[in-house]
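Listed after this line are the structures, all set down as C-alpha cells.
The same chain A turns up in both complexes below, where it pairs with chain B and then with chain C.
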Partner chain A sequence: MGVVCVASYPVPEGKSGQQIVDVLQSRLEQLGAEKSGQFNVDCETYQSQVPSAQNRLVHLLHNSEQPATCFAVLDTGTCLVADNLFNLLMLKLKNFYPTRKGFKIESKGQRYSLGDFIIKIGSVTFGQNISFKGILVEVEYCPCMVPGDCWDLMKEFMQGFMGNCVENPSNYLKTKMDIMYTPADTIQQYLEHFKTFRKESLAVTR
Partner chain B sequence: MESMLAAMNKKIVPLQEYFLQGSVLDASRDILLHRLRGICDNIGGIEKFQDHEMVYTIGTNANNVLQLRARRALDDPEAPWLLRYVGEPDFGDRSKHTLVRSSIDVGTSDNLVQFLTEMGFRLDHEFVVSGHFFRKGRMKITVSKIYRLLQPGDTDKVEALSKSYLVELGVVTVSGQDQVQEEMKNFAEHLKPLVHLEKTDLRKLQQMGT
Partner chain C sequence: MATDIQDLLARSLLAVRTLRSSVNQVFERFRNGMKEDNSNENKERSFLNELQQGLLSVNQNLGEVEKLGSVITAPAGPLLSGNSALLSLDPVLDKTPLHSQLLQAYKWSNKVHDVANHAFVLLNQNSLKRSTLPSGGPAAKRLRTAQQNFHKLPPQQIDAVIDTQKRMFPDLDIKIHRPQGTAAVLEVTVGRAMKIIIVLRGLILETVNVRGLDEQSFKDNGELDIWTKSKYLVYLKITEHACAALLHFYMPHRPDIAFRSFLTWLNSYTSLFTIPCAKCETYLQDNLPPTWREFRNLKPYHEGCRP
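For the complex of A and B:
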C-alpha cells in the first residue's frame, strides 16, 4: 500500500466514455504498462430513520484492492474500517437505516501496473439504470506512505498521460500531506468524487 | 454486497453460536482451570484476557430496539475492536443439547465508539470481563468474572459483581451444524462435577428476577 490519488478525467462533448477510456488505456500501454486484472469500488448509501441522528447518512464502500474489508463512512467524515461481515449488520439495521434505493454508484475497469505505479481507469455508473457518469483515474505510488513526499512525482507521472487535469492535490489530500496514508484515505477520495457525480446527475433530472 | 449475500445463501458464513453456560465459585476456579489445561488444546503462551464491553442500543420503541456490543481488549491496545450482534437465544426442544443464537462478529478500527454514537446509538451499560480462555477443536471455553465500573468509562476502578466465575462453552459456526451439540455435550460431561454446563432458559431467569 502506497499513496493514492484519485482524479476525475473529463469526457468532452461528442465523445463517448468508452472512447476516452480506450484513449487512456492505449496511452498507458504505450508507456509500457501491463494489465493486471479488473478492479471495482462501489458505494451504497443508507439514510437514518432514527430521531437521535436525523438525516444522518452512512455510505458503505468496498474496494477490490481490500477484498476482506468494508468501509462505512458517515456524513460527519468518520470512517469505520471493518470486516466484510459488517454488511450483514447493516441488514440488521434496516429498520433504522434503510438503503436509499437507486443510489448505488460504482467505478470499475482495468487495472494496470507500471514499475512502482498501479493505475486504474474506472468508468463510473450510477443508479438503477447503471447510467455512465464519468471517468475516475486512480494512481498509486507504492514505495511511499506520506503524500507530501511523493506528490510532485505523482503529479508529473499523471500529467504524462492525463494532461493538465491534475494540477493540485484535492482538498481531502491536502489535509493528509504529512501523515501516513491508509486505505481509508483512498475510500474518502472516491466518496468525494461519487458525491459530486450524484449531485450532478440529480441536478440534471430535476 | 452481492457476494456477501451469495455466501450467506450458500451457508458458508459463520452466523450461529451454539453455547452452554455455568458458573463456579471463586474457591474452585483453580481446580477447574487445571482440568481445562489438561483436556484442552495446547495454544501455547497467553491464555488470559481482559476486555471492556460497552452495550449500545438504537431505537426508542420497546419492540423495535437493536443492541450491539463493542468490545476492546484492555490488555492488548493494538488488537482490533470487536463489534458484535447477538440474537435472542433459542431454547429449542429437549432433543437439542445446547442453546442457539445468531451472532455476527466484526473486527473494526478503533473509532468504533465515535462511529456508533454519531449513528445515533446510546450507551446502555458497560462492564469489564476478565479471565481465561481455552480451545478444544472448534470449541471455545472461557472462565471469566464480570466487573461493574464504579465510574462510567473508567476501567481502572471496578468491582466484582459476584463471588463466582462464569463458565461458557461456545462454537460459532455456519447455520444447521446441529451435530456440534453432541460434541459440546460430551465435552461438558468431562467437566462434571466441577461445573455443570447447562442450557439455561434465560427467560425463566428473567422472570425470577422480576
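For the complex of A and C:
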C-alpha cells in the first residue's frame, strides 16, 4: 500500500465524460501503462432517525482494492474500518439509520499500472438514474509510505498526463503529510470528492 | 652421352686417388729414411731405387690424370643443379642493409646500457617501499595477523562496531539477527524510504537485498527472509546499485572502513523520494526516482544520468 492521490479532472463544456476518459486512457497507454482490470469505489449514506441526535450521517464506502473491507465514516471524520459483515449490521439498524434514497455515488473505471504507479480513471455516477458527474483520477505510488516524501514526485508524474490540474495536495492530505499512509486515507479522499459532487448536483436540482 | 661422362668422371677420380696414394707413398719413404740393417753403400742404392720407382709411378699416374682431364669437356648448356646453384651467387654487399642495421643495434644497446645505469643510480637513492613500516618489524607482523581474522570476528566485537555506527547514523535503524549462529544479518531501515537486509561474514559485507517498508522481513514460519526480491521496481533497481556499491567499497584488509563507507552511502537514501536528480533536476525517469547515489559526494542521479 503506497501513497494515493485522488484528483478530479475537469470536463470542459461541450465534451462528454467518456471522451475525456478516452483521452486520458490513450495518453496513459502511450506512456506505456498496462491495463490491470477494473476498479470500483462506492458510497452509501445512512441518516440517523433519532431525534435527539443532530442529523448525523454515516457514509459506508467500499473499495475494490480492499474487497473484504468496509469503511464507515462519520461526519466528524471518524473512520471505522471493518469486515464486510458490517453491511449486514447496518441493515439490522435500518430503523435507526435508514439509507438516504438516491444518494448512492460511485466511481468506477479502468485500472492501469505503470512501473511502480497504479492509475485508476473513474467516472463518477450519482443518484437513482445514474447520471454522470465527473472524472476522478486516482494515482498510487506503491513503494513510498509517507505522502510528504513523495508528493513532489507524484505531482511530476500526474502533470505528465493530466496537465496542471493538480498543484497542491488536498486539504485532507495536507494534514497527513508526515505520517504513514493507510487505506482509510484513500477512502477519506474519495469521500471529500463525493461530497463536493453531491453538493454541486443538489445545488443544480434545487 | 651422360653415362660416358659419368664413366669418365669416375675413372678420373680413381686416377686422382691413385696419384694421391703414390705421392703419399713417396713422402712416406722420405720420412722413414734409410734402413739400418744393410751396409752404407747398399743402403743408399736401394733407397734411391725405391725412390726412383716411386717417382716413376707418380709420373705415370700424373700422366694418366692429365690424359683423362683433357678428355673431359664442360657439358654444353647450363648446369642444372637446383637450389644449390644459388650457393655460388654472392650477395651484393652494397644492397644489403647489414651495416646500418648493425650500427643501429650497437647504438641502441649502448643507450640501454646508459639508461639502465642511470635508473640503477636513481633507484638506489630512493628506496621504494609499499608501507612506511619497516618490513618484518613487529608492527607489520601484528597487522598481518589481524588482517586474517576479519571474517571470523567474535560477535561481541561486531556488535560493538555496529553500535558505534548506530550512533553515527541516527536515520538508520539497525537490527541485528543471527539466524545461523555467529554470522550476523542486519535489517537496516533507511529513514522512511526502504529496508535493506545485509548479510555479514565477520565484518565483511556479503549480500544485500533492498525491500519496501511494507514488505515482510520474516517468512510466515518466523524465519528471516533474506532472499525474496522486492515487488517494486525501484527497490529492485536499488538492490542492483547496492550490490555494485558493495563491490566498490570492498576492502578485505580494512572491512570496518568498508562497512562505514557503505553505511554512509546507504544513509544518503533517506532522501530517496524527496530529492530530484542532480543532473536533470526532475524526479522521475522511466517512472523511477533517482535510484543511484554518487559514491563520493552522495548526490542523487537517475540511472541514465550518471556522470
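In this text, the second predicted complex is superposed on the first by the 204 of 206 C-alpha atoms of A that agree within 3 Å, B and C clash if a C-alpha of one lies under 4 Å from a C-alpha of the other, contacts with A are read in each partner's own complex, and residues count from 1 in each chain.
Throughout what follows, contacts are C-beta pairs under 8 Å (C-beta built on N, C-alpha and C of every residue); 3 or more make two chains touch, one makes a residue touch a chain.
This one's a predicted model, so the numbers in the text were calculated from it and none came from an experiment.
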{"item": "Chain C versus chain B, contacts on chain A by residue", "value": "B"}
{"item": "Chain B versus chain C as contact partner of A:V58, first or second or both or neither", "value": "first"}
{"item": "First (chain B), second (chain C), both or neither touched by A:F117", "value": "second"}
{"item": "First, second, both or neither for A:D83, with chain B first and chain C second", "value": "first"}
{"item": "Partner chain(s) touched by A:N95 [first = chain B, second = chain C, both, neither]", "value": "first"}
{"item": "Which of chain B and chain C A:P143 touches, first, second, both or neither", "value": "second"}
{"item": "Set of chain A residues, in rising order, touched by both chain B and chain C", "value": "none"}
{"item": "Contacting residues of chain B [partner chain A, same complex]", "value": "1, 4, 8, 13, 15, 58-60, 64, 66, 68, 83, 85, 104-109, 111-112, 114-115, 118-120, 122"}
{"item": "Chain A-facing residues of chain C, complex", "value": "192-194, 212-214, 232-235, 272-274, 276, 282-284, 286-289"}
{"item": "Chain C-facing residues of chain A, complex", "value": "1-2, 114-117, 142-146, 149-150, 152-153, 156-157, 160"}
{"item": "Contact footprint of chain B on chain A as seen in their complex", "value": "42, 44, 48, 50-53, 56, 58, 60, 62, 72, 74, 76, 78-89, 92-93, 95-97, 184"}
